[in-house]
């Protein structure tokens, strides 16, 4: 079993704000992340796929195809977008890095499976100091 | 003459959109950067100050003080903010990296001068692929 | 279960030298790391906490609070310090990266637990080429 | 149990091309990686060894010795070389990152074992976007 | 005057070998870089353009267009290629980083000029330890 | 004229403390950098040499030779050392990054000149946030 990782980048805006909370409570819990007029990040996504290398190609998965899947299904839909307003699959979900990475997972799993591989983990880096990782359970 | 550089980071939202242009023209010229609902970046700012080291301290400038100036005058005012809506000194200015770095320059120069030093350059990195640098003229 | 990682940096001096060994033996085993007059590093610490995101906040752990814990309990006590001389919790312990990371672990675990989370791993990078990671067992 | 990681770098040429396939099929499957006249990479190898720190030295493994093993057994044999033509242990093996990392694994395991340690994983980064990791099974 | 920098990456093979020198002399002067079967790098190119920001767009140069020029004129022609064998504009030129960056300069200057801007410098990073920069004279 | 840059790394201890000042004044001016028991850094040195590429080799300077000079004259003398106690050429000089880089400059210039090249600049990075650069005047 080999683990293959592809990195993809995108830039997006978001804020952490619950409509059912007062501005004061949002500010208290989320601090500057609750700024009503948004802020944003250069997100970096690492997708790790595991499998046995194909004896003919030496590939667990063709990284160009993995890149195409991630771009088509994820980054083209979130790059230069607002997670709270522009992204259908995040509708009604608070766009914390934790919630974003789980939404990405649910989207990618069937596409990776269709290629005969297993998605092992998704890591989403929000800043050089903060990141989250999800293994599907 | 020694050149001393301090790095400071902040996260902000912005969009490139002229109110006097149609949506179509904004889209044509600025592409995804014109997304009406904003996007954002992890900006990295490098401030370079030049001067002669003080014979007593060996410092061109106390980097803790330089950091405090940049944080007080710049990053505290733009971190987790929206360049188009939240930043008084960017009012009426299209927040391209070029225009942001010039606005930062004008703010920092007098504070650096007051410390007996000269601001040599400001470099603003918007993504790992894109950056701008300004030398004051 | 989501894994959340916070990065914190600090600078410190140390040496690898056993008082019960001769200078020659220290030099033979530890090489330049045994330099009697110390050397130092820009250490980088990655703390990974695991848990389920809170349904209200979308957070496994508030990263500002995790940062505060790490700074209060660890980095404020070791930054710009000497691991052999200045750090009470390293007293009598040879400050190899392995021993440092275990000492950090024992300090952090109760503070992370108090927040209802589980410390998953601590990674300590000593140089860009050398790092250690501990999972608590 | 502590996990200790050493990073080593090397530069090499390779191509992905099967002699039993037509040029057209190689191009179709491997794309630009099949360029007949080769291309190359700055490879980065991360070797992770696990074990208990020695109570006397505080070391899981002496990183200078781990570095020497990796350089002697691996990087000196592949640095500034061509994986398809110059590397005896890759003879007849398509030099995908997956196949390279497995070949490295088989070479390193006995040398790490001889030192009383266990090789936990090998990660090979081919570009900043692409990497593979192997845990031996 | 603002200086705008775009980063673009590519992977290529090369060797440093003069046909008019013996193998021994090539080896003596170029060391492992003369390996007859090539080696390769992940090259990183930084192109810096200077100019005044357009008052309407806030841009010195549209970075998407600068990226397109660099990709069309340079990186598409050298990525996954062999500098000695595959690149017409390097024919008869020893592909040291110095000579590569000068060849890139001559290609890019007219394209940047056509956009009303001035190419200020090209920096080519061959490894994390080695880079060259050219300012056109 | 091409500018060629070589990166070299070393780890060292230092403190900023004047013997002719009280402990209180040292603390007031230098803050945590005055810690009596030292602290340390992973220093990164970038040496930039300028010249015309040799028509035969395509090299401004053989980077292996430049590396050897820097290691022999500088990094071997400061790596795993204490700038205040162990380094003869820093005797009596407060080891601020500014003073270190000037001392390095004076040592390197004649060695670079002997090779027919000109040292253009030395950049010394003390942390990822702080660096200094010197151009010799």
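For clarity, chains are labelled A, B, C, D, E and F in written order, and residue numbers in each chain start from 1.
Everything below uses one rule, namely that contacts are C-beta pairs under 8 Å (C-beta built on N, C-alpha and C of every residue); 3 or more make two chains touch, one makes a residue touch a chain.
Note that this is a predicted model, so its numbers are computed, not measured.
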Touching chain D and also chain E, the following chains: none
Target chain F, source chain A, minimum contact steps: 2
Farthest chain (mean CA position) relative to chain D: B
Rounded Å distance, chain B centre to chain F centre (Cα mean): 29
Cα-centroid distance, chain D relative to chain F, in whole angstrom: 33
Overlap residues in chain C, where contacts from two or more other chains coincide: 128
Complete list of chain pairs which touch one another: A-B, A-C, A-D, B-E, B-F, C-D, C-F, D-E, E-F
Residues of chain C defined as touching chain A within the complex: 1-8, 48, 53, 56-60, 62-64, 67
Chain B residues within the chain E interface of the complex: 16, 18, 29-31, 93-99, 101-102, 128-135, 137
Touching residues (chain side chain F, partner chain C) in the complex: 9, 11-14, 32-33, 35, 37-42, 79-82, 85-86, 127-128
